[in-house]
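Pasting in a structure now, in structure tokens, and then I'll have a few things to ask.
Going by the order they are written in, the chains are A, B, C, D and E; count residues from 1 in each one.
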């Protein structure tokens, strides 16, 4: 579904991504793990068109997308929960969610989907008319997730969706991720919580300073010594 | 009395009680955890103690040199002067400044030379400046940041930014250090290193640390006492063992396996 | 510490050199009377812009009221210069202007510097306009819209005035730079970076904002006195909002938060302005296009937030070598 | 420079003349017209064989309507370009700023329209190198006050003054000093204002015989319009700042009744010199000349004449000749300089009804 | 009493003009957080276009207003693309300086083309006066007042209830996240400039008619006052601009009416400062303390 070929990304003089290739197949959960600054977020940003690659190609459903403006990429069905939440702070929770469905054509289903989001995140329903700026950290994280769900994506890019969430909710969030996978959405996931991520992932890639150093299925990676030592704390 | 006593603290936002009737006690040289579901009011509680918000009701009292000082409504910089320091849930470093400058700024109220000396570069100025830099390097060394003293804060990787925030808070010479989700965005390996560091500074600097964290490996490992908030109220309070077994906490926060 | 001294020594030599060049240039008339005027304008603008840069660039407070303080200085100088004979009158005028400006800055700064961004900009603009309107209505003291002409010029020659002006430029700049590079200065910069974090680190934000504002006001007042003394005429129309904007343009041009950038920008714009005199109606069109073009191509200003340093110059080679090492 | 109107003569054979004008900024509407008036005079004199056999080379620079710039431009003209005389600037403020520079350089400056009192003076002594061809504000203010009480029979007056210009304030002061009747009210506005209804509503309820309105035609026209529309019928008296046909356009001809203003010249003059000037100006620029252009035209011709009388284009010689000017016949009247370098000339008070000039009264200067 | 009522009417009609210009200011500010200093000059250009069409081409009032709005809309978009867009990532002061540059440019190009002097605007609308007791009001005042209020309501509806309005608010708070929602940020910004600038164009023609006078520098004072009005009401808030405009118009008028014409601007600024000290984000500004 998504093919990244020989991708390189620069920030000014710094090369954050060094000639990497990987792919995500329809229906999969693929996870990217790596230390701080490895370049995980940069990859997601490049796929969404927020950052332009200095070399390489990104193909989505057989079509190159690395030259498209972000909004076109979104229209093709790629949504992202960005790092640092990026909720619309001056808008209410409800308005944030409405913006999630900005490009959708199937108006009749929107109301039902909104209900669904409120069911998953009851606190958002309680805070419906509150400005997003005043939400707690975790609430904002849920809102970012809810907003992405409202776009009904074919491919969902998640950048540390569990950051700042209470333990009980981390479990919930991974359940949700599996749920939406079941409903047919493909997922590319970044997580610090590598253990859980690898448990639910079909496949994973390990990133180190802009290079892919290891790849395999979730179980393979979980079992790998290197991964254990570097990312799972023992 | 205890180092800090919070009584019946309440903060309302419009109709919402973000913190409601909370009693909280901090003794010297403790490691205290503050946990609770998202939106429980933990960050708001920190904001009340450090003067960012003014409480709707209740009192915050600090003991200093045998006297009780009421902190309610005091400006944040005064509270910092009295020995309360913090880090932020969303990192708030001085991004365009160097690591060294970030630390020096935090020292300024204790050590800085005054405006007169700085304007005219008196010997006092040079002496104070020199002392501050030495001290700052010492602090940075504890967190293995001494080699990065001239790097701009925004160019540090995430984990180092979190550490720098702690150094900066320590530089204000606090009696009580408040850490808001210090391990957020760190992987388990990094979290483990941080855990050791927090223990170390608490011992070496003889301070009390109060931390908010959702990573139970950190909280249960280092904290001696834990407070649990839910919907602004105190849900439970006790040792890590007690809290881990508390059914109400499991239901509201930890989740059952 | 050694580096520090080397750097200072370098600056000292550069300043002495510049003073020497100015002195010789004017003595020999290589810097002709016409260029002297351009020079004076540039030097006065440096004082104005360095002060404003402290307020805007370093403390991060968006002030549009600089012209008001300049007016205070200019009028104090003119009024007192008319009462007290000679150089003493000049000094007294300079001093009184500074004192009044600092007091005004203090009194209006405390309540208004709590405002943020554009709200502060408008409030400071309002203060400057109020100052101007008061001056306009002060009857015989300020002579209203007619302004004051024939302001006393207690200098033996243009040369001695320019040397005094140059000295004041150096003094105000050094004081400003010293301030920035000190503990209170760092506290001030912290406010610009993140006010809430600064306050949580024990920085009394109001105090430092007001101090920066007062230093800015004092230097603007000095510049105003010098302006009036040299050009011998002032009227309230010289100190409108437009004047504040002119100074702001210099600051932004040089790079917000760069003192050396401010100096460079004042020189460049001063020369550009003189050059454009002969273009008549087209003058302002060229000027406007130049402003837009420079901002579009260098949005951070000429020097960004960087400073030109002597040590930087001295260390250039050393740094290059070490940079190479790092890469390998 | 792009503003040169030399006619190709070698530099040794030309006389260099400088212009220091408000070509941009707030006063550019005046400065530009004056610059044009001078260019016309230069063109005419060059076509007629030049001055004392030499062609005139006129260079003007823009002073941005700022005093400091004016000092800079004057210095540039006097010391870099080595002009023999400077024309301009237009306004009193810029003229005052120029004075030290021309005095130092010993180059004469002729001000076309800087009417402020004392522009040619430094304290009680006259500035040797500064001259003007317009009358000063106190003369005008006085003349208008006398006109108000004698010709209009006014006992009570209202003053509406542009408080942002020294010009208007000087006029108001002189008027108040001379006017014997009662000043019922004095209201202020600012150049650039367009809405005067508040002050007009105020005075519409008062009892008075005349409105004195020191200010320029830009605001004057609008005030006349708004006042007349509000039903204020009293005569309105203005200074030379009204002398531009746009005044009537702004107010609407039907509103311009009982309007009187002081002027340096009248376009309706039968004087062939005036007619010729007006025609030449219209032909060259496609718009009518106003009194500012006329004054500048006179200033230029006065310099030419002084060079001829001096028999030399040396700045000092020109200065001396200027000081001795006697019965110079310009389009704005015939005048001589008094000891303070002010022209002794009469003013016209022009009467407008339905937007057209229906008559004028000559006001002689006090002896 | 009559006098006070009359003065209030005077104040409201002056305020309408400030408000009309302030609406465009606030629109642009609300979306890209730019103090568009050139807004006053777009208003000026609008007035000149109207002048040209009525005086020189001989068009009627309504076609003139429409064409002028169109012209200004295009001008606004071109300015945005050439002068502001390249600075999107830059500091706000940098963009402010560019805006000042644009405003100088428009002023001086207009001076170059049309001359620096004031021009009388042709009377394109018959003026009808009505007198009630001692109070007079004219048809132009009513037209301008109604236009201002209708436009304010219209804008508010657009921003609050249309899809484009939502997109505008999203772009305003977080342009990057807005892109992730599939919003075309460039289009939204262009649309904002189209709205703001065409409003300025309409205002230019209306004011030209109302005062009968236009000049290349005519945008400076009202531009500044409109900016002050926008701040008064809370920048970026549409009803705020309206209220701010009226507040300034009425204060100015009343101060002049009661003998303070020398101090009218000083009083306006003084009141503004006092209001800001009490309400640091203007009358309608939400005073949310940043969540820490």
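Going forward, contacts are C-beta pairs under 8 Å (C-beta built on N, C-alpha and C of every residue); 3 or more make two chains touch, one makes a residue touch a chain.
By chain, UniProt protein names: A, B = Abc transporter; C, E = Abc transporter permease.
Quantities reported herein were computed from a predicted structural model and do not represent experimental measurements.
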item: Subunit D reached from subunit B - shortest hop count over touching chains; value: 2
item: Longest centre-to-centre distance from subunit A, chain (CA-based); value: D
item: More contacts between chains, D-E or C-E; value: C-E
item: Between subunit D and subunit A, distance of the C-alpha-averaged centres to the nearest whole Å; value: 74
item: Interchain centroid distance [CA atoms averaged], subunit A/subunit E, Å; value: 43
item: Inter-centroid spacing, subunit C versus subunit B (mean Cα positions, whole Å); value: 40
item: Approximate Å spacing (C-alpha centroids) for the pair subunit C, subunit D; value: 37
item: Set of subunit C residues in contact with two or more other chains; value: 136, 196, 281-284
item: Junction residues of subunit A, two or more chains touched; value: 134-135
item: Contacts with two or more other chains, residues of subunit D listed in rising order; value: 24, 26, 28, 32, 163
item: Pairs of chains, among all present, that meet the touch criterion; value: A-B, A-E, B-C, B-E, C-D, C-E, D-E
item: Parts of subunit A lying in touch with subunit B, wherever the complex brings them together; value: 33, 35-37, 84, 123, 127, 134-139, 141-142, 160, 163-172, 192-195, 229-234
item: Touching residues (chain side subunit B, partner subunit A) in the complex; value: 13, 35-40, 43-44, 89-90, 157-160, 181, 184-192, 214, 216-217, 252-255
item: Sites on subunit D touched by subunit C in the complex; value: 1-3, 23-26, 28, 32, 35, 59-64, 66-69, 71-73, 75-76, 79-80, 92-93, 96-97, 99-101, 104-105, 116, 118, 122-123, 163-166, 168-170
item: For the subunit B and subunit C complex, residues of the former touching the latter; value: 50, 52, 75-77, 80-81, 85-86, 88, 92-97, 101, 104-115, 117-121, 125, 128-130, 132, 168-169, 171-172
item: Contact set on subunit E toward subunit A in their complex; value: 163, 166-167, 169-170, 172-174, 176-185, 288, 290-291
